[in-house]
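Each of the next two complexes has subunit A plus one more chain, namely subunit B in the first and subunit C in the second.
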Partner chain A sequence: MSLVIKRYIPLAITFIMGFTMVIATYFLAPDTPAREASTLLTATVDILVVTAGVLGLVALLRHHSVNISRRGRYWQYSIITIAGVVFYLIIGFYGVATHERYYMYASELFSWFYSDVYVHMDATIFSMLAFFIASAAYRAFRLRSVEASVLLIVGALMLLGRAPIGAVIWEGFPTIAQWLLDVPNAAGNRAITIGIAVGAISLAIRQLLGVERGYLGPER
Partner chain B sequence: MNFINEGLVASFVLLIIVLVEILVALFTTRAGKYLPKIRRIAGLEALEEAVGRATELGRPICYTTGLGGIRDQYYYQTVAGLSILGYTTEMAAKYGAKILYFPYDPTIIPMAHEVMEQGYIRAGKPEAFNPDNIQYLGGDQFPWAFGVLGTMYREQSAANIHMGPFWAESLILAEAGFYTGAIQVAGTANYHQIQFFVVASDYALIGEELMAAGAYLSKDPTQIGSLWGADFSKLTAMLLVVIGVILTAAGVTALNEFFAL
Partner chain C sequence: MSTSKGAGIDRRYLYILLFILASIPILYPLNLPVTIGEHSRLVFELTDALPAGSIVVSSFDFGPATITENRPQAKAHLFHCKELGLRVVAVAFWAAGGPLGHSVLTDVYGEGYELSEEYGTEIVFLGYIPGAEVGMQTFGDDPWQAKGTDHFGTAIADLPLMQEVRSAADVDLWGEWTSGTPGEQQVIQFVQGRHQGENPGWPETGYMPLVVGSTAVSVPGMMPFYQAEQILGILNGLAGGGEYELQLVDAYDYALVAALPLLDSQSVGHVLIIVFIAIGNIGWAISKSGGGRGA
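Right after this comes the complex of A and B.
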C-alpha cells in the first residue's frame, strides 16, 4: 500500500497532468470550454502552493521554537525571527480587520513596513553583491592559465568598449565589444541554450514516463 | 480550422522529432541492444569528494536547490536538484556526515523530506534522519540567500552544494562559501548565472549536465538511453542550423519563415 501511495499514484498523476497539459497547449483552441477546463488544473497547483505556505510557516516557527527551548546555538536570533514573523502577521491581520479589505497590502501600516523597511533592507543585501562580484572577478582574472588569460583580455576589451573612456582612447573599442557580444558570446550562449532545452525535454520525458524517479527519493 | 494551435506548428514538429529520437534511444537501451558510454561529469564525481571532506572534518554539508518551486517554468531544475539531494543524502548517511538542506519554496519541503528520509533508509540508517536538518528560511530571494550564507559561516560547512535554478544569489552563495574554505559543487541551467558558479566553485555543472544528473547517478540503462537520444536531438539542431545558414545564404527563406525567425 505504501508503495502504491508513495510511488505509483504520484507517477500516474505526473503522467496524466503532463499529458493533459501538452494536449491543451497544442490542440485545444484558446477561449474554448475545453481549454478553460484544462487551465483549472493549474488552479489546483495554486491551492497546493497556498497550503504549502502554511507548511513553511509552521516549519519555520517549529525550528526556531525548538532552538529557543533547547537553548541551541544562536538561540537569541531565533527569538528575533519569531518576533518578526508574529509582528508581521499581526499587522497584516490588523490591516485586513480595520480596512475591511481582502488584501494585506491595503493596510497602510503593512505597506509602510514593506515599502519603507523591508525593501530597503532587501536592497542593502542585494548591493553587497557588488563586493562579491569584485572579489570573484579578482580571482577569475588572475593570469594562471590560457583560459584565464583569454578571460582577462576579453573582460578588459568589454570594459573599454562599454565605458565612455574606451571610445575616447580608441574609437574601435566599442565596435570590438559589440562584436564580442554579437558573435562569440551569442554563439556560445545559443549552444548552451539548445543543450539546456533538449536536456529539459529529455528530463521531462523521463519523468512523464516514470523512468526517472529520483525526485521521489531512492527506491526502497 | 487548424488542427494545431496557431503559432505552435514549428514547436510541435520539433517536439515530435525530439520525442521520437529520445524514445527510440530509450527503448533501444532498455531492450539491451546497445548501451552508450556517457562521458565523465566531474561535478557529479566530486560529490563523493565533498561528502568525504565533510566526514573527515566533522562539519556539515549545506545543500540548496535554488529559487525553484513546483509551479514555475524552472521546476525541472529543482527536480534535478532533488535527485542529486537524494544521492548526496544517501552517501552522507553512509559516511555519517550531517547534511543541511535549505528549501526556498515551501512546496519543496514535503518532497525534500521524502527524498532525504529515503536516502537514510537506503543507507540502512533510518534512525539517523533528522527532519530539523531541512531548514526553511523564508521564501524571499535575498533573506533566504543570507540565511543560507549565515548558516554556512556559523556552521563552518565543509561542503556546499547548490543545484537548481539560481539568479543574483548564485554569486553571493558561491563566493561566501569560498571564504569559509568549503569545497563547492554547483550547477544551474540558468545560463546567465553559470559563469558565476564556474568562477567561484570548485566544480560546476553547466546547463544540461544538471538535467543529466539523475540518469548519470542512477546508472540505469533506460535513463542513460534518454541522454543518448538527447544527443541525437542536438545533432538535429546542428543540422537545422547548417541547413538554415545555407538556405539563407542562397536567398531561400522558407525554413526561417517556418520557424518564424
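Right after this comes the complex of A and C.
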C-alpha cells in the first residue's frame, strides 16, 4: 500500500498530466474547446502554489522552532526569523481585515516594511557584488594561459564598450563590444541553449515514462 | 586574512577606493557623452511606431536586488507608452514584482492612479500572477483564467480594457523587465511560441513582438533569441536604461531620469576594475619572475 501511494500514484499523475499537456500543446489547435480545457488545467496551478506556500510556512516555522529548542547552530537567528514571519503575518492579516479594497497594500505598515525596509536591504546586499567583483578582478584575472588571456582581453573590451567612458577613450570600443555580443557570444550561447534544450527534452521523456524517478525522493 | 593575492594589497583598501571613486561622479557628474546602442534604439523605434491605442503588456519580473537596473528601464518604457497613448496591461510573474510594479506605475501615472479615470481603460495592473512559467502560459492563453481580479481586488470583467485582452493574440507588444526566471525565455517558450502567427499585425516571423529590459549579466544569453527575431530589442542593464532615457529626453523632455546620472559612476567603476586587473597582473608577473609561485 505504501509503495502504491509513494511511487505508483505520483508516477501515474506525472504521466497523465504530462501526456495531457503534450497533446494539448502540440496536437490541439488554438481556440478549440479541448485546448481551452487545457488552459483551465494550467490555471489550477494557483491551488498548488497556495498549498505549497502554507507548507513552506509550516516547514520554516518547524525547522527554526526545533533549532531554538535544541540550541542548534545560530539559534539566535532562528528567533529573528520566526519573529519576522509572525510579525509580518500579523500586520498583513490586520490590514486585510480592516480594509475593504487594497489587498496587497492593505496596511501602510505592511507596505512600509516591504518598500522601505526589505527593498533597500535586498538591494544593498546585491550592490556589494560590485566590491567582490573588483576584488576578484584584481586577484583572479591572470594572463597565465592563452585561454585566460583571451578571456581577460574580451572582458576588458566589454567593460570599456558598455560604459560611456569607452567611447570617450576611443569610439571603436562600443562597436567592438556590440560585435562580441552579437557574433562570438551568440554562437557560443546558441550551442549551449540547444544542448540544454535537447537535454531537457530527454529528461522530460524519462520523467513522463517513469524511468527518471529522482524527483520522488530516495527509494526505501 | 583579507590580503589579496598578487601584489599583496589588503582588499579592504580596494573596497574603499571603489566606494570613493564610484561615489564622486554621483555627487559631481562628469557628463560623459552617452552613445545610443542598436539594441536600445530598436526598443525605442519599435515602441514609437505603435499606433495610439495599441495594447502593451508590461511584465515586472524582477526583485529588489536589481531595481537599479530594471526599474529605470520599466519606468522609461511605461512613460513612452503613456506619451504615445498606448494602453498598458501591467503584470508580475515574480511575487516581489507586484509591489515594485505598483511603485513604478505610481511614478509614471501618478499617486492613486488606480482611482483615476484612465484606470481600467488606458492602464490596468493585474499584479502578481502565481505559477511562474505555468502562470505565464495561462496568461498568454487566457488572461481571464490567470487572474480573477486586478492588483486592487477589482474583477477583471469590470475593467473595460480587459474585454479586449482575451489572449496573447490581442497583444501588440510585450515589454519584459526581468532579472531571472521566469523571464524573457519563458515568455518566448510559453507565450510567443504557443501563439505564433495569431495576429496579422505582428512581424513576418509571426512572433508576438517582445522587447526586454534585463540585467547586463543576463543579456549574453539572449542573443540567439535576438538574432532569431524572437526578441526585437534589448535594454542592456543600467547602460541600456540610460540610453533609452536619453532618447526620451530628446523626444519628450523626459524628467524621470534615473539611470543616466549613474552612468558616469559606472564608467569610473569599469575603469577602476581594469586598473585592478592590470595591477594584479603586474604584481603576479613580478612575483613569478622573482621565483615565487604567483597567485
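Heads up, the rule we're going with is that the second predicted complex is superposed on the first by the 195 of 220 C-alpha atoms of A that agree within 3 Å, B and C clash if a C-alpha of one lies under 4 Å from a C-alpha of the other, contacts with A are read in each partner's own complex, and residues count from 1 in each chain.
The working rule: a residue touches a chain if its C-beta (ideal position, glycine included) is under 8 Å from a C-beta of that chain, and two chains touch if they have at least 3 such contacts.
In this text the structure is predicted, and so the values were computed from the model without any measurement.
Student: Touching A:Ser149, do we find subunit B (first), subunit C (second), both, or neither?
Tutor: neither
Student: First (subunit B), second (subunit C), both or neither: which does A:Ala200 touch?
Tutor: Only subunit B; A:Ala200 stays clear of subunit C.
Student: Is A:Ser65 touching the first partner subunit B, the second partner subunit C, both, or neither of them?
Tutor: neither
Student: After the superposition on A, what does A:Val168 contact: first (subunit B), second (subunit C), both or neither?
Tutor: A:Val168 sits against subunit C, while subunit B stays out of touch.
Student: Quick check for you: in the superposed arrangement, does A:Gln178 touch first (subunit B), second (subunit C), both or neither?
Tutor: second
Student: Looking at the overlay, what does A:Val49 touch: subunit B (first), subunit C (second), both, or neither?
Tutor: A:Val49: touches subunit B and subunit C.
Student: After the superposition on A, what does A:Thr25 contact: first (subunit B), second (subunit C), both or neither?
Tutor: Both partners, subunit B and subunit C.
Student: Of the two partner chains, subunit B (first) and subunit C (second), which one does A:Val119 touch, if any: first, second, both, or neither?
Tutor: After superposition on chain A, A:Val119 lies in contact with subunit C alone.
Student: So subunit A touches subunit B in one structure and subunit C in the other; where do those two contact lists coincide?
Tutor: Dual-contact residues (subunit A): 25, 30, 42, 45-46, 48-49, 122, 125-126, 133, 135, 137, 139-140, 189, 193.
Student: Residues of subunit B touching subunit A in their complex?
Tutor: 3-5, 8, 11-12, 15, 18-19, 22-23, 26, 69-71, 76, 79-80, 82-84, 86-87, 90, 105-107, 109-111, 114-119, 121-122, 132, 134-143, 145-146, 154, 168, 171-172, 174-176, 189, 191, 194, 196, 199-200, 206-208, 210-212, 214-215, 217-218, 220, 222-223, 226-227, 229-230, 233-234, 237
Student: For the complex, give me every residue of subunit A touching subunit B.
Tutor: 6, 25-30, 42, 45-46, 48-49, 52-53, 55-57, 59-60, 63, 66, 73-74, 122, 125-126, 128-129, 132-133, 135-137, 139-140, 189, 192-196, 198-207, 209, 211-212, 214-220
Student: Spell out the residues on subunit A that touch subunit C in their complex, using ranges where they run on.
Tutor: Spelled out, the residues of subunit A in touch with subunit C are 25, 30, 35-36, 39-40, 42-43, 45-46, 48-50, 101-105, 111, 114-115, 118-123, 125-127, 130-131, 133-135, 137-144, 152, 155-156, 159-160, 162-168, 171, 174, 178, 181-182, 185-186, 189-190, 193.
Student: Quick check on the complex: what are the subunit C residues that touch subunit A?
Tutor: 4-6, 9, 11, 14-15, 18-19, 22, 32-35, 37-38, 63-68, 98-100, 102-103, 127-128, 130-131, 134-135, 137-138, 141-142, 145-146, 149, 151-153, 167, 194-195, 198, 216, 219-221, 223-224, 226-227, 236-237, 239, 263-264, 266-274, 276-277, 279-281, 284, 294-295
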